[in-house]
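Here subunit A shows up in two complexes: once beside subunit B, once beside subunit C.
This part shows the complex of A and B:
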């Protein structure tokens, strides 16, 4: 089978998410199960800590708050309107982080339904399916275009796409359009490529080491090294995706704040601005 | 946790958050250069297939894709310097 890596690999790797069952015409794939599980973990953590959060946090609360605070502080430093998109940036980071790390748990990729001679895993890391990463990228794309339209106005945004001077519009409009769409493709392909490559890497390492029966301890030691690396890569990919989402929104707003926008009426002062002395 | 209210009207541009944001841009730029060319070329190929004008739109698409890649470098550099 062309999709299989390392011959008789213990972990099943195919590029397309596999269908587990149908609900009417709707196909439920194993990557959907991974995404729903990740969402459930986040919802369960949020529900658990909602009433239990203390001013002086416990160790567990500190551990949970650490990535949230880190991302919130990064976003806080971006623009004066950071409150408008901090939830999206932190949400993207947590969703990708949890779905990536869920894929490293024992049983993910190895427990499944036997269909003929094939094992279809019940759960697959959500970001190892292009549909998931593309969906997150589309949400991000829509949000930063919305911010660009909000701060510049629809006419201002179109003027930016057309560029200056106007007679160059037939050349500059397609260039701007390709540049904008490349953000969407870049965001989705990078996340999918890295997570899927991680899956293939783990499968290959496990396949290679278990094939060498005479050095059986390697079968435990070598994949463990790569699992630790995947733990790191999962966090880095989540961070990169969230940071880029923040950067794109920041750039859309900064164009305006730098004096290039056409409509300044929608500026919402932050609480800091209400209480702030004159910056002179 | 609620961020501290220091009374500054502008974002804190000198905060420790700036370097990671730039790392993200660096990761992104390499991808976008290739993707811009592929998008231009792919669009041109599609148009040529549709209008049966090969290779006119393929060449135009490729040139536009390369131009979009160059523009992306300039745009990202300009945005980074402005921030």
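This part shows the complex of A and C:
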């Protein structure tokens, strides 16, 4: 089918991030450029507003404060120790949000270096590379295991893994271990899959509509609809990643505090909690 | 494609239950929202695994 061939040549999908250039043995890929760009956007916003923040916020300031306050309020409701990890949750949210939305800017997939026959895009949305989302997931994993050990102690954490009826340990220990590690996999895979699928979807829609270019308005409107959809998905995925990170940390802490994890808000005002065993 | 059926059903059930809860108690929209998003994300993850496997088979497996 000729149409399919035309479509295939238009759609440029690579599952791995492509190498732009090397610094020594260190390969710089285009998704790294995307991640660094996102980090620079956040840094620039932070330095710009550092001295300028007022008690009565300007429009720009309240726009930037809105997501931060929202995530902070969500985290505040989780456990009594929310101050220890609120920065991580908000940071994860902002980083993923900015890097996802950067990927939707025009020119991200189209400006690049011509390498032989192929065009290598200069910037690739960072989360469309498994390395980026895996790195974020590993950070989250380390933090929630660290919190579990900090609250329960190393032996308490091991007991948590072994489970309640001690004679079931040979069966339950591997299951608990796998469930801990599968959180790492599911966190990273979810983000990567969503963002990468979004990229493929946009490319396919562009390819389809360019193949049917004789219906001119279609080529503009159909990708535009999907771009709006991706804008929404980028925000939802950032929210989901940050919320899940928060939930895992909350579970690691609340297993100790509330017993069953869900009713930690009831226990919050009790005075004993503030004298909880201090970190080792 | 088969892998999309299960999460599809699950997402539908989750969404309908969230809407039911919202209809019964409209003031609770704030408290329902977060567990709802989490549940949807966990359900959706299975569909995403399927997608990732498919994409790897298509683009990386050759």
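Quick notes on this structure:
We adopt the following convention: the second predicted complex is superposed on the first by the 248 of 280 C-alpha atoms of A that agree within 3 Å, B and C clash if a C-alpha of one lies under 4 Å from a C-alpha of the other, contacts with A are read in each partner's own complex, and residues count from 1 in each chain.
Note that in this section a contact is a pair of C-beta atoms (placed from the backbone, for glycine too) under 8 Å apart; a residue touches a chain by one contact, two chains touch by 3 or more.
The structure presented is a predicted model; accordingly, all values stated were derived computationally and were not measured.
In the superposition on chain A, A:139 contacts neither subunit B nor subunit C.
Once chain A of one complex is fitted onto chain A of the other, the partner contacts of A:240 extend to both subunit B and subunit C. Contacts of A:65 after superposition on the shared chain: subunit B is touched, whereas subunit C is not. Touch criterion met: A:200 reaches subunit C, while subunit B stays clear of it. When the shared chain is aligned, no partner comes close enough to touch A:225: not subunit B, not subunit C. In the superposition on chain A, A:87 contacts neither subunit B nor subunit C. After superposition on the shared chain, subunit A has more residues touched by B, the comparison being subunit B against subunit C. Judged by the touch definition given at the top, the superposed model places A:192 against subunit C, while subunit B stays out of reach.
In the superposition on chain A, A:105 contacts neither subunit B nor subunit C. Applying the stated touch rule to the two superposed structures, the overlap between the subunit B and subunit C interfaces on subunit A comprises residues 74, 186, 189-190, 239-240, 243-244, 247. Residue ranges of subunit A in contact with subunit C, taken from their complex: 13-16, 74, 186, 189-190, 192-194, 196-197, 200, 236, 239-240, 243-244, 247.
Of all residues in subunit B, only 1, 3, 5-13, 15-18, 20-21, 23-25, 27-28, 31-32, 35-36, 39-40, 43, 64-65, 67-68, 71-72, 75, 79, 82-83 touch subunit A in the complex they form. Only residues 65, 68-69, 72-80, 82, 171, 174-176, 178-179, 181-183, 185-187, 189-190, 239-240, 243-244, 246-247, 250-251, 254, 258, 270-273, 275-277, 279 of subunit A touch subunit B when the two sit together in their complex. Put simply, subunit C touches subunit A in their complex at residues 34, 37-38, 41-42, 44-45, 48-49, 51-52, 55-56, 59-60.
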